[in-house]
Amino acid sequence: MAGNIFGDVFRVTTFGESHGAGLGCVIDGVPPGMLLSSEDIQKDLDRRKPGQSEVTTPRKESDRAEILSGVFEGKTTGTPLAILIRNNDQRSQDYSNIQDFFRPGHADYTFLSKFGIRDHRGGGRSSGRETAARVAAGAVARKFLAARNISVTAYTLALGGISVPSVDFSEIEKNPVRAPHAAVAQEMVRKIIEARDAGDSVGGIVEAQIIGLPAGLGDPVFDKLEAKLAHAVLSVGSIKGIEFGSGFAAAGMYGSQHNDEVVVQNGRPSTVHNFAGGIVGGISNGDAVVFRAAVKPTSSIASRQNAVNRSMQVSQIEIKGRHDPCLCPRMVPVIEAMAALVIADAILIQKTIA
Amino acid sequence: MAGNIFGDVFRVTTFGESHGAGLGCVIDGVPPGMLLSSEDIQKDLDRRKPGQSEVTTPRKESDRAEILSGVFEGKTTGTPLAILIRNNDQRSQDYSNIQDFFRPGHADYTFLSKFGIRDHRGGGRSSGRETAARVAAGAVARKFLAARNISVTAYTLALGGISVPSVDFSEIEKNPVRAPHAAVAQEMVRKIIEARDAGDSVGGIVEAQIIGLPAGLGDPVFDKLEAKLAHAVLSVGSIKGIEFGSGFAAAGMYGSQHNDEVVVQNGRPSTVHNFAGGIVGGISNGDAVVFRAAVKPTSSIASRQNAVNRSMQVSQIEIKGRHDPCLCPRMVPVIEAMAALVIADAILIQKTIA
Amino acid sequence: MAGNIFGDVFRVTTFGESHGAGLGCVIDGVPPGMLLSSEDIQKDLDRRKPGQSEVTTPRKESDRAEILSGVFEGKTTGTPLAILIRNNDQRSQDYSNIQDFFRPGHADYTFLSKFGIRDHRGGGRSSGRETAARVAAGAVARKFLAARNISVTAYTLALGGISVPSVDFSEIEKNPVRAPHAAVAQEMVRKIIEARDAGDSVGGIVEAQIIGLPAGLGDPVFDKLEAKLAHAVLSVGSIKGIEFGSGFAAAGMYGSQHNDEVVVQNGRPSTVHNFAGGIVGGISNGDAVVFRAAVKPTSSIASRQNAVNRSMQVSQIEIKGRHDPCLCPRMVPVIEAMAALVIADAILIQKTIA
Amino acid sequence: MAGNIFGDVFRVTTFGESHGAGLGCVIDGVPPGMLLSSEDIQKDLDRRKPGQSEVTTPRKESDRAEILSGVFEGKTTGTPLAILIRNNDQRSQDYSNIQDFFRPGHADYTFLSKFGIRDHRGGGRSSGRETAARVAAGAVARKFLAARNISVTAYTLALGGISVPSVDFSEIEKNPVRAPHAAVAQEMVRKIIEARDAGDSVGGIVEAQIIGLPAGLGDPVFDKLEAKLAHAVLSVGSIKGIEFGSGFAAAGMYGSQHNDEVVVQNGRPSTVHNFAGGIVGGISNGDAVVFRAAVKPTSSIASRQNAVNRSMQVSQIEIKGRHDPCLCPRMVPVIEAMAALVIADAILIQKTIA
């Protein structure tokens, strides 16, 4: 209802604001007997945390995950798994000058319209920091998937108009933009630094591949696997679109092309180009699930810009704070987390059927 | 769980297959006291039904909606509103020759993988006919929205590589492709007929505009308004992607551009280009909500093509049946219905907050 | 939300009023591959239908179940199973004289308070007739349970102050009150006829036993098996209470008594008296689940009585219609149905854990 | 699904075990703008905490509530309200001798059957300590209700066979058993001490009254107000039954009696004896909602008793730990909490209708 709970069986509740005591999640429905330690969670949190490279915000947050419940002697017990991440580097004063302004591109006005009250310190619940709880929950889902040989890998496919010509998974974590291509990654870094130095920001595209899925996951009507992945990914701030397989290119294709060349692979029907993106009729077909998400350029930029204030007048503001000049590098683990949550849930849902 | 229920407060359950007794829906949570007749539903069903023009399938289905419950003396009572649409024009024999084949682009193999059993007659639950129940439910939502001066209007923006240069709502229902531009509509019709005569099909893009929304709808975290609309739209068969406002173009923009020129309009903050697509931080801002959905070309084409059979061998099949050479014209009311369901739900959810 | 959907995995939506076109249900989450025919459903509907004996209302309703979807070639397909029961014997005019009165013991005033609108014909959605849809859905659940050797058996334990001294399952369906004891059943019949002839009605207690459950069903916190059974049973009109195993008698016992004599039975821990009622800590222990429901005397009685009208004045009314002088006999299949729905759901939920 | 989430709009997720880092709750759907401090929560926690009197367990737990999120400048923000209670007085060693035994009356065997793994320290998630999180959440609901002049008051109605002859709310918090009658309270205290000294425990009945409810809360079918209250109350450990208004006594009444003497009170229909317990047809009628819950005697008793071990042999064990000789006194705030959660939820749900 109020939208802080996600999933049907592997069900995550998140809480917390950017400038309060902390944030975290409770996962109900984690199967019992799974090995889990706080290191499993920390690993992904570290990939999301600020200050990790020259192209991310210089804010420092340790983002330490504490498991509060649901694990006994190193194993999940089947009871709710609660994870807490305390806030520490809070510069609330950075936000005092914008208390009376609706920042362009931010949820300031809409949040106030909805709730009639607003924690103006860094966006509160609308802050990107909220995604730390998603990543923590996603890390548990990823561990669950790893035990079934299912991997979720995301990367920066394009950024500021620059695209990678090919994808090499082994490059992704070697460069700060998380691009799957060494040379293009360097160009992308330069693009970000250039934008940052100009007091600006850039957008990009994050692509994800889910490999190892069995055929038969997802539901045929309202909960098609694409529908749930789209819900998951578009629930992340700053995402403007999603496409699966052929995506928007399908709009310009003929049926004879899109149906593709049919082959039998690993004992099941497949196609040469995977235009379906691994999902047909809402249900996985055993091929890699492939989707792309459009990431808008960061709304918080250093340049002075016009903004509307509470008296509904336009005047210039300067956003202090410390912000990412491009969201893609830190978005990669967030999108992986959201996709992992959907897939873990789909696997558990499928157990009720077969 | 099994994905045949949609929505939180305005909650729709659908049922039915293409070749059984019929299909329909039950809506729980329709507010009491709303005027409603079966004509309100029929109007939208007629826009979706097959055989309505030269560019749709020649199948004839009367698609008459019967309201089974929830209306008394012309008004909704607050109890579940059940609607039944009987099937009548069923040519199950058209499907007998493909019983042992997995049709390219269809859910045949994935459905069987999931359920271990399959109604092969026209796709059963995976048939596009399933959307009739969505349109019936959506018609009730649209009536609810109309009383609040909210309209949902979809149209064919592009088709087979042809796009409209501008949007004129008054043209949409005047041409069989439901394009918002008279001249381009004629080109699109020719494109469809050309493809059909070649035993092929074409894809396209459907755009939708939701006008009249108050600011404050949608939730800030998992149930962002985009997330729920994306879930709704990608739950429709043959949709490969969705984008809001600037969409994928945002990936190539700078923050200073995307933040746009800020203005005050109707006493609230707005922007010149509505790159946000009417939603910021997951919550409506009072501007038009704008999204585009990529529609793949129809999978059922008349030309002979390769397919895999149950023995996992590739051989040629011919799909008889009678199919739409382009899904866009009939997809328009389906997308309107799904969007209307999300918005009606969001309005009722917001009543629990303010 | 609006409370017409029940269950988590085996999820039932019901619809319909006593005097509209009909009523029915849609079950989402029925596992595929289960044999099912409309006769399976009819059998239980016939046990619930009016006019079946001298002690029930003389109203005649054929209550024929039509399966609209979800079954193909005699087996469930995993898609929603919709069942429709048309209304036919409607004497709406019986209710015209009470249109402006709030009948004692009925939901007339509360329904109007909630919805601001009311279908006064026989209670509309608040009519006992609404339970026909529950029985139809419950019949599907019972079929599912039967395949797992789980039975749900309810019977009239007490009625108008008369109790059975012992329980013989084989007697239940042999007498019109569904008491598990031949001689006491006759006394109960006399008691009902006596009350009816005096223009009055009597209450009673229905007990249910669920036999064959494995240990491990139910959840440890909010969804304890007792909690869900209590929810299910108290959602039936006219039920005033429920107790499990020792029930209210536990309030007067010592811990040393209630812990009971511990034994090992069928290779698992058990107790001599089953004070636990087959559930410990919210989870089934493998013993029979036993509960009792208190059934109030029918509110609709033939004698003239005082009632409040819409002008908030008290005056005498006479309720015409045709009503059961005791609800227990027809309540038995309804309680079985509700219990079966909870257990089928619990079994499917448990599949997500182990 | 896994049953650690409760409610539809005012939705509570709880987590935590008796012997881990701590326990707590996240409430999604708390309306914004409500005054709330940790003292509001502490007040109720103190009424539940162990060691508060001579008749409760001597265990000492400070049970300090920390609000982690959802409150800004003393007011709720509409975002998730997370509350954490750290564990501190943990004597895990008390449980080492029973690690291999299934304690009589406890969830040891059933928990293991369900999850295949078990935290044996004090019951883990099945511990009564789990209710602290419910009381914390309930305190927020009670604050919400207080602002609407709705009160939820529970008390010990009977205990070890002793019942109060009349109810005086002002006495409840003046005696350690929370009985609404000074003299009888003293008898009850003696009864508890006597049982404790004999290494035994006693059961009782807790009654609750919800006063100030408007007519129109609750839903007519599956989510009748009794059904949700029953679900809530029977989800608390050690509760064996619930009854509303006339309750089980209704089973022996005539319809003419149970319909009661009809009167007009406060401008609405009412009755002299409130046999309905304030709810008709599942919807509140404006009278006090009255229910009684049967509380079994504490399963953990000091006397030696037989138990089954993991090898399925019966032998004698001694339960060390420190336990309440009667659960009623500390059960009172738990039942109030659960009832408050249901009512707060019902009020918010009703906002979607009228």
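Lettered A, B, C and D in written order, each chain numbered from 1.
To be clear about the criterion, a contact is a pair of C-beta atoms (placed from the backbone, for glycine too) under 8 Å apart; a residue touches a chain by one contact, two chains touch by 3 or more.
Source: prediction; values computed, not measured.
Undergrad: For the interface formed by A-B, which of the candidate pairs C-D, B-D or B-C is equivalent, sharing more than half of the contact pairs by residue number?
TA: C-D
Undergrad: Quick check on chain B against chain C: do more than half of the interface residue numbers occur in both copies, making it same, or fewer, making it different?
TA: Both copies touch with mostly the same residues.
Undergrad: Using the stated contact rule, I'd like to know whether A-C or A-D comes out ahead in C-beta pair count.
TA: Counting C-beta pairs in contact, A-D comes out ahead.
Undergrad: So what's the Cα centroid distance for chain C and chain D, whole Å?
TA: 26
Undergrad: Calculate how many whole Å lie between the centre of chain A and the centre of chain D, each centre taken as the average of the chain's C-alpha atoms.
TA: 39
Undergrad: Roughly how far is chain A from chain C, going centre to centre by Cα mean, in whole Å?
TA: So the centre of chain A lies 46 Å away from the centre of chain C.
Undergrad: If I count partner chains per residue in chain B, which residues reach a count of at least 2?
TA: Expected reply: 1-5, 8-9, 14, 29, 32, 78-79, 114-116, 125, 220, 349, 352-354.
Undergrad: Quick check on the complex: what are the chain B residues that touch chain C?
TA: Checking each residue of chain B against chain C gives 1-5, 8-9, 11, 13-17, 20-24, 26, 28-29, 32-33, 66-70, 72, 75, 77-82, 84, 114-119, 124-125.
Undergrad: For the complex, which residues does chain C have touching chain A?
TA: 1, 9, 29, 31-32, 78-79, 220, 348-349, 351-354
Undergrad: Applying the document's contact rule, which stretches of chain A touch chain B when the two form their complex?
TA: Those in contact with chain B are residues 1-6, 8-9, 14, 102, 104-107, 109-111, 113-116, 123, 125-126, 130, 158-161, 195, 199-205, 214-224, 226-228, 230-235, 237, 239-264, 267-269, 271, 275-277, 279-286, 294-301, 303, 305-308, 312-314, 349-350, 352-354.
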